[in-house]
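Next, two complexes with chain A in common: one pairs it with chain B, the other with chain C.
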Partner chain A sequence: MAHPDNSAPAPHRRTEVSNLSFALIISIPVLVFLLIVVAYPLAYAFYLSFNEIRFFGGYSADWVGLTNYANVLYDPSFWSSLGRTLRFTVETVILTLAIGLGLALILKHLPPGWRWLRALIILPWAVSPYGAGIFFAYLGRGQTGIGTSVAAALGSDQTFNLISANFVMEYLALGAAWNMAPLVAFFLLANMLTTPPRLYDLAKIDQMSHFETFWHVTLPPLRFTIFVFSCITTVLAMKTFDYIFTETQGGPGSASAVLTYTLYKISFVNLDLGYGAAMSFFLLAVILGSTGILYFIWGRKEERQ
Partner chain B sequence: MARIELRNIVRTFGGQHAVQNLDMTIEDGELLVLLGPSGCGKSTTMNMIAGLDSPTSGQILFDGVDVTQRSPHERNIAMVFQSSLLYPHLSARDNIYMSLKRSGLSKQQIEARIAHAAETVDVTRLLDKRPSQLSGGERQRVATAKAIVREPAGFLLDEPLSALDAALRLSLRAELVNLQKRIRTTMIFVTHDQIEAMTMGDRIGVMRQGRLEQIGTPTDIYNRPETLFVAGFVGTPPMNFLKGSLEQTDGKLWLVNPSIRMEIKGEFASAKPMKNVVLGIRPHLMRLSEAGSSALPLTVYAIEQLGNEAIVICDGPAGEKIRVVTQAGFTAPIGARLDANFDSAAARLYDPATERVVATDGAN
Partner chain C sequence: MSRRAAFWLVLAVVVAVIWTFLPMYWTVKYAFMTKTEIARFPPMLYPHAPNLASFFNIFGFDYTADNGTVYKASGQARQIILGIRNSVLVAVIVTAVTTLVVVPLAYVFARLEFPFKGKLLAAILLSVSLPPVSTLIPFYTLYVQLGLTGTLIGLIIVTLTITIPIVAWMLIGFFRNLPPVELLARVDGFSRFYVLTRIIVPMARSGILVAAVIAFLFSWNEYVYAQILVTGSNAVTLPAAMSGFLFQVPEPSQLAASLLLSLLPPFVIAFFLQKHIAEMHLA
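Up next, the complex of A and B:
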């Protein structure tokens, strides 16, 4: 746009900090902090992964090159642990989002006198994964668990152990979803409340079925949130350790030894730090890879909307 | 297209009357505007006509057939909502298509109908855009196309223009009226904007507190308001009101208050004397003169210059605000004394107790 009077001198500016410099100035403490707590351990782990570390007969670190990485690929317990991690992750993500969406729908349609439940429902999320693990361990056990008491209520005198080799991963996923779903529900509810109520009237006039109304009116504003929580839950599920440690200790046998648990055993029980460090980089790659895939096949589509 | 009848409609929400004993007929091909302040029951009335809400009691008839229990789709109603709601993730074409999805028409018929509707409101080039890519006016046109594509028995609009800026509202107002006359559909338009109502409606139904105050042509509503509320609500600037009593002397009827004594002529000359009465007179029907004559004494409070005319806002003798429309460029110092004259035959008399027009021996 041309100004008719551009002969006027530009107003004198005092020296101001540019946006970029200002951003740098206020974020330097954080960057330094991150460097110490993230970059240093990461770099140290990277160094360890190329060495064989021994503690017996005095500490020693021998350079072994890529041997640790190669060994991981030939280790059957790595592949079985990875399989459990993926199974746990897929199940947790699906259960978390399904339960979260279900809860949000229930919370949205609460009658006016029951709206306080919306605040209360967040409570499970306030339980730490460590606590949730202990809680679900008691709940799942054969002697004290909910399986047995439900069976007793139905007139059976059998015990049902929910923490059994065949479906311990599903039971773990259910507990993880219980922990996380309220937060998802909270965000989805907030999204749902932005939909103008009259849009439901429009759907009625168009004679949409319940499913079509859900698909065309309720769901569209939720899709981006669902994508974001799929990513968050994927990352959280893949790196879950404390919850599984307190609930099943990788058992029964090694039926719930996910990659993080196997890593813990190699590094801190067997003290094979170099090998553990190498395997942990495979976990990092899996986490980055899966969120990357989620973004490329799903996230980009949601962004364009 | 249909003749829509409402018979003694009552709608209560938790003991509160949203709509009370509403009787109304909308003729086939008519554009009826429901006008009233927010909370007057006009949107509730529209929801019941659409079938989105059911009356607590009463009947709704389309072409003589009772549709009270039928769904919106069975009534073949189309509706445009406030801010022209559309499904945000669907293209304009798919939004319009949703109106016909359950119609049972063949694919070719649907496509032809969409093309025709889009052409009627000139949105053909917008069909592949999403609502978020459209301007307010374009969204309004797409919402209209979505409504007319169904060839509805009744076309309901719930304040569709209220979120738009003034210039756009003006042009879309004319567009909608033009469209309604072209496709000759029965249209009901809800608004709280009296100018919109006056300019668009074949007839206007003015509602307040769940009741229909008056229904009639814009001219009728403007010139012969039946109630104090209608008199005050319709017209810009609003009607002036003077309080007083009606007294009969020498076979003539007089409006009397501490500052004036004026003979009532015209249709209200045959009214009976009464202690409290309110006289209503339009600002356009008053004339200003120098102080000293026998008319209504006023004190200038403010002057609004509109270019083609000026509105002089004055304090009346009883502290009420009196507005007088006069020629453009009229000036007077604030606080100046003026007099206003008017022909009492052009005034309306209302009973403040019933808030209705005073009974006469004539038509009323």
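Up next, the complex of A and C:
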């Protein structure tokens, strides 16, 4: 038990503060800061979303009520972007957790002399999303990529582009999982190491197969961590912009124009700020909604246990 | 370990190492190749005559190869040098401020009961969920009015809005799992501040270290805000400076060289950090 050592100054009674005032003293400056930095952009975006903003022929803001919101719902590019965002998110979450779990299992079984490999496997996590985007862009493109190299090694002189209109979202999800999975692996590994080895001996006595052992012994203590990372990965995948910006710029065509990318184009290329703001609230609703759903159908169950 | 198990383990390790390094290697090799080598078809698997020209070029030096070819210094050199300096400054300040502010905050939220706690937590969660693309315009407009575009202080403030919520969220879970020793210390008559600074903080060392590193990485790797707020100014950061090699005139070799440099600090940190992550447990 961590107990103050004897050299510490003798405790003396002070006028004690209550939980509330202690909490307030510590957190008020931060909360005020957060309030400003969260509330201000939200309020401003909220204001923009009810206006039509024009830059040509002088700046003007015309109150248009809910028109922007209604237009979003009638905009086919909104629905197709939303579809891509959901596809990217679901794929990224599944791949990240599966690969993270795989890496964790490998790291767990490393013999002591090989533990240094852990320090290598973590590295992709330290790569920035824009860096990962650049890596996977060069790796996938027909002219420079590995597809063409492999084909050439097999005697072909064709280019093989891994960033194709049909599967660009899957390729993007794979790269996102490459970036995120090591962190998941390390948290899962930390959990795995707390499972008493005795349980594995018992599993052996019960003559469980490898899969049964994994399912009944290894997996149950990891479930809460897996839930937390499902939420974190969901939020990060839906917010992703720079990774997709450097990797595909929304292309080929608009095959990888996810919601954040479409928003960027509306606000920063077309300068249609009011419409962009309205659409950004739909994105925010989707992010909050998905984590909410995850919590209600999965998280509450995990907490009860 | 049986022979067969060892075989599968070695195979799995080989696959994991290739998975980890192949995507990085594919781009990083360009740093040591010339433009003509990069354009070759089919793509070269490794630099046949590795050279360091790009590393000289991005810092503003010409490079003369053995065969007499001169590779001209990059016009972006000034931005790259400024970018390195600024990225270090911003990341160090953001890390320090985030850690100082978030540790007490997370402790309070994890361990004390007080009114409005649920609502305040929800506000933190909301700010984690805000996508930068939707807060960019409001920040940009505000910054233009306040004269904060193209300044380091402006970038630091905006970066703190990313790091504080996410680090707070992680640390709250971590503090919840610590054994409740402070009750004993409080019974012994120690003050709350004493308990926090002398008992909780030392106990939570690895969690705080991980939190600080995450703040550093988020700041060091931040690109979206930097691209809009500081590109081309004296407050440019390395990612924003580097994107000049990506979009305007593509320079794959110089891009790879600067990307490799930008990866070194995070790699060193991650390398030493992985022991501590193993001690982090989520609540």
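Following the convention adopted for this analysis, the second predicted complex is superposed on the first by the 291 of 305 C-alpha atoms of A that agree within 3 Å, B and C clash if a C-alpha of one lies under 4 Å from a C-alpha of the other, contacts with A are read in each partner's own complex, and residues count from 1 in each chain.
The rule we apply is simple: a residue touches a chain if its C-beta (ideal position, glycine included) is under 8 Å from a C-beta of that chain, and two chains touch if they have at least 3 such contacts.
Since this is a predicted model, take the numbers as computed values, not measurements.
Using the contact criterion defined above for the overlaid structures, shared-chain residue A:Leu288 touches chain C, although it does not reach chain B.
Touch criterion met: A:Thr148 reaches chain C, while chain B stays clear of it. After overlaying the two complexes on the shared chain, residue contacts for A:Gln207 are found with chain B alone; chain C is out of touch. Legend: residue contacts after superposition of the two complexes on their common chain; A:Gly253 is shown touching neither chain B nor chain C. More residues of chain A lie in touch with C than with the remaining chain of the pair chain B and chain C. By the touch criterion defined above, A:Val127 lies against chain C but remains apart from chain B after alignment on the C-alpha atoms of chain A. Legend: residue contacts after superposition of the two complexes on their common chain; A:Pro112 is shown touching neither chain B nor chain C.
Once the two complexes are laid over each other on the shared chain, residue contacts for A:Pro76 go to neither chain B nor chain C.
Counting contacts as defined above, no chain A residue meets chain B in one complex and chain C in the other.
The residues of chain C lying in touch with chain A in their complex are 1, 9, 12-13, 16-17, 19-24, 26-27, 30, 38, 41-43, 45, 101-102, 104-105, 107-109, 112-115, 117, 120, 123-124, 126-139, 141-142, 157-158, 160-161, 164-165, 173, 179, 181, 184-185, 188-192, 194, 198-199, 202-203, 217, 220-221, 223-224, 227-228, 239, 243, 246, 252, 255, 259, 262-263, 266-267, 269-274, 277-282. Here chain A touches chain B in the complex through residues 196, 198-199, 201-202, 204-208, 216-217, 220-221, 305, going by the rule given at the top. Of all residues in chain B, only 47, 50, 52, 71-73, 77-79, 81-83, 85-90, 98-99, 101-102, 158 touch chain A in the complex they form.
Interface residues of chain A, counted against chain C in their complex, comprise 1-4, 8, 11-14, 16-17, 19-20, 22-24, 26-27, 29-31, 33-35, 37-38, 40-42, 44-45, 48, 99, 102-103, 106, 109-111, 114, 117-132, 134-136, 138-139, 143-146, 148-149, 151-152, 157, 175, 178, 182-183, 186-187, 189-191, 193-194, 224-225, 228, 235, 238-239, 241-242, 246, 260, 263-264, 267-268, 273, 276-277, 280-281, 283-284, 287-288, 291.
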